[in-house]
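All chains are identified by letter, namely A, B and C, in their written order; residue positions are counted from 1 within each chain.
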Amino acid sequence: MTFKTKTICFIILIVGITLCGGIRLTLATPDYPEKPVNAIIGYAAGGAPDLFFRPLADLAQKHLGVPVVILNKPGGGGISATQEVAKAKPDGYTILMNFGGGEHLLYPHLEKVPFDTLKDFEPVIMLSYYPSGLFVREDSPWKTLEEFTDYAKKNPGAVRYSHPGTASMVHLTAVAFEKMAGISLQGIPTGGGSPAMNMLLGRHVEAAQLGVPVAWPQVQGGQVRCLAYSLPKRSEIYSGAPTYAEKGYDIRFAVNQGIAAPQGTPKEVIKKLHDAFTLAYKDKGFQGTLVKMGFSPNYLNTEESTKYIKEMYQYYGDITKKLGITIKQ
Amino acid sequence: MDLLTNVLQGFSVALDSTNLLYCFLGVLAGTLIGVLPGLGPLAAIAFLLPITFYIPVVPSLIMLAGIYYGAMYGGSTTSILVNIPGEAASVVTCLDGYQMALQGRAGPALGISAIGSFVAGTFGVVILMLLAPPLARFALKFGPAEFSSLLVLALIIVAYIGSGEPVKAMMMGALGLALSMIGTDQISGNPRFTFGIWELVDGVGVVPVAIGVFGISEVFLNVEVIQQRQLIKTTFKGVFPSIQDYRDSALPILRGSLLGFFVGILPGGSHIISSFLSYGVEKKVSKHPEKFGHGAIEGVAGPESANNAATSAAFVPLLSLGVPNNAVMALMLGAIIIHGVVPGPRLISDQPQLFWGVIGSMYVGNAMLLALNLPLVGLWVQVLRVPYRILLPMILIFCLVGVYSINASLFEMLLVIIFGLFGYIMRKLNYEMAPLIMSVIIGPMLETAFRQSLLLSRGSFSIFITRPISAFFLVISVVLLAQTAVSFVVKRIAITKRQK
Amino acid sequence: MLNIREFLSAIVLGIIGIILCIGAYHVGLGSLTNPGNGFVPFLIGGALTVLCLVFLIQGVQGRASLKELPPFWPEKKSKLRVAHTLGAILVYTLVFEWMGFAAATFGLFLFLLKTIDPVKWRSAFLLSFFVTIIGFLLFQVFLKAQLPEGWVSWWRISRWIF
């Protein structure tokens, strides 16, 4: 072998050893956290959950001391990611973001899902939520919810509304409303909030049921009007529009932004996570972004979150049974 | 003159040094990403979106936009050189571009592709600048019925695209439609044909199929004859397009730009469909359609222009209405929102420096891309000199890892391999893959639009005919079909007469 | 006349069409005014089957599609090479998340370089190493994609170095 070849081999050897140094050896694990935390989001990169949780994760990193790595694992409307975290080791290094969405609280009452929202998860913190609402164009003859229901009662099946997708939280808000008000509407499923909004703006449908953040820019721009939205009481974020509740309908369908860890995660670990994310959440810049995106703040600490999740899960179970909401086969 | 002041303001924003830098970074990144098979602008923008949280909104959009249309420039590179689409919209460029490369004309192909992209992109920006709001309002008129009819037309063109036997192309088209039925259908929300496999609930997805059927199968085909292939690729007949090439490409570029822009403003309108439609149109109006599929430069010029025009057009609904057209625009919307800008019809008036700045940067970006890509043609052509035994494994890794990284999905990586094997066998049996891809894309869109139309019309089929735009597309479809049928019958009569 | 390959492939595709029709029927066709989930798939399956039949009939009528058939496997060793490549990438997929991007890619590249068109060991090692590094820089650093770590933990390396 020539000198040059020997040098090359030597270099490769050194680099190889360096790499091996990186290979994981199991050492006694002292304090939490001592390696990066994987935060799983069940939706594709760049979507609305990303816009919320990525800045939050960046802020939390500073308080936690280790990187909080966001991993996008889309599939089945958030269900496959949920399942993955449910089965993960409860050591605090795998957590679920976007906990408290329709797939966790509402969908399990309609279809079998491969996880148990109450038993498989320990809620860490709740941050915000957003409701869905009934929207019409600003040149529509219905200025209030009553006018809308009056017309719908006299013309069953005549009013067509677009919505982001069958069995989504948004869609089922409309279905619940239909049943409560005793009216019959024609739902037109689309592939998301934007196509549904397009259909409304293009005058293809008379109304639309949309997640409020998606529609809010259009409301502010004066193109559409909100007849009602599904929060228990009015939020300053969505000014000028009434809630279903004040009109007499107990509809509290909202998509929550929360964080959960697998069942069995040690209490100290959860506390550390909670504290880090609370500090991140309280950051002024983040609060500003939140509001601008159309999310309504709803901070709940660990205990309150657990209670809240139980309550809401129960609420959805009750209301789907009472109104007879099912997924039509 | 309002328009002039706005444009000048736009340029002053675009030529600001920070924005210029971000524009350059965007188009460079976009080109690189476009070149990598498997990753398209959607994945790239999604990954890089978080970076834009820390910079102001104007440079963010400028960079993201640059990535988007940059990818359209770069996507054709691998299509031409190794018959593997850099991203889904460049599938069509493989058809004739690669053939040109085999004939030693990779340089002209790459060159015309860059030039066409520049012309179309700039053209698109001009129209965007002048007519954004009225165009957006027009685009809104496209409802489910209009879409169904347009997609029916597209489907008919699919069968026409093949350079081999029509019936085989149609069989692949039907098979593609069948594949697209796997997954949850949008109307009922229920999964279909998933065979109990959880990962199939969201369907097979265009990217795994496209990369598998074009990319992996190409690798297999090359692996078979690896020694021979090495020899073919080293003859060059000039690195730049000839005068004849320019002449041949002029009209296709023009038509491609118009077609691409029109399709691009429609909601859900994608650059993939516009490039396919452009190919079909070029083949139809050409004086020598039989050359298509064997190295006709029109088949590169038209589609490449179309997909770039569509890219500029996609900004129309986003900037003038605040409603995104396709997945990439949805990401841009996210970027806008998170910077605190309210999207919507007032964006242009409330934030003129944003709107005009982005427009100005698009001019600048297109020019940068032309300047980047033309000299690179010489460099890219050298890539052909890399020995296949090194190139092929690299392609495999980039394809597989690329697809994995989009959704962190091992299953999709497996799908790529399965479709690769499938594509390999079918290509050996002389079936073309282009119709398959296009119908995989069209299938779900067509079914959803069709069923939505019937829901809107409460079961009445008249909706397709009473709405004028929809009727227009249907009429063209019928005319096309009639034409083909007539010519087929005439040919058969001629054959039987000769046999007598 | 049709050659045997096209005949078989058309039959297989036709069968797929029929299976699709049957499956669609089970899912539910609905009515013409209110199509069910199986409506469109049924039409597609039908179209596929019909097209295959047309193709077969055309073949029988003497419209041959190819002049002379090239052999299916052009070179003696091509079957082996394709099989090796296919096997390699399948294994790659299986071990990818376990071994991690770096280790798996390195191994795959090494294997392919030695089997498809053999490269000397020294060059093979160097090339595999460089391609792995380039891949890492491209995907993980530049694009910020999420690649599995597996055996080579970058987090630990960077902590170890810095």
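Throughout what follows, a residue touches a chain if its C-beta (ideal position, glycine included) is under 8 Å from a C-beta of that chain, and two chains touch if they have at least 3 such contacts.
For clarity, every value in this text was computed on a predicted model and none was experimentally measured.
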| item | value |
| --- | --- |
| Chain nearest the overall C-alpha centroid of the shown protein atoms | B |
| Between A-B and B-C, the pair joined by more C-beta contacts | B-C |
| Chain centre separation in whole Å, for subunit C relative to subunit A (CA means) | 35 |
| Rounded Å distance between subunit B and subunit C, as computed from the means of their C-alpha atoms | 21 |
| Where subunit A and subunit B are represented by their mean Cα positions, the distance between them in whole Å | 31 |
| Shared interface positions of subunit B, touching two or more other chains | 43, 47, 50, 187-188, 190, 406, 408, 458 |
| Multi-chain contact residues (two or more partners), subunit C | 146 |
| For subunit A, residues that touch 2 or more chains besides their own | 71-72 |
| Footprint of subunit A on subunit C - complex, ascending | 102, 122, 125-126, 129, 146, 151-157, 160-161 |
| Contact set on subunit C toward subunit B in their complex | 5-6, 9-10, 13, 16-17, 20, 23, 27, 32-41, 44-45, 47-48, 51-52, 54-55, 58, 65-66, 72-75, 78, 81-82, 85-86, 89-90, 92-93, 96-97, 101, 105, 108-109, 112-113, 116-117, 119, 127, 131, 135, 138-139, 142-147 |
| Residue numbers on subunit B that touch subunit A, as the complex places them | 42-43, 45-47, 49-50, 53, 140-144, 186-190, 198-199, 201-202, 267-268, 317, 321-324, 330-331, 333-334, 337-338, 340, 342-346, 406-409, 448, 452, 455-456, 458 |
| Contact set on subunit A toward subunit B in their complex | 44-48, 50-51, 54-55, 58, 71-76, 80, 114, 157, 160, 165-167, 186, 188-192, 194-195, 197-199, 201-205, 217-218, 220-223, 288-289, 292-293, 327-329 |
| Of subunit A, residues touching subunit C in the complex | 5, 8-9, 12, 15, 18-19, 21-24, 35-36, 67, 69, 71-72 |
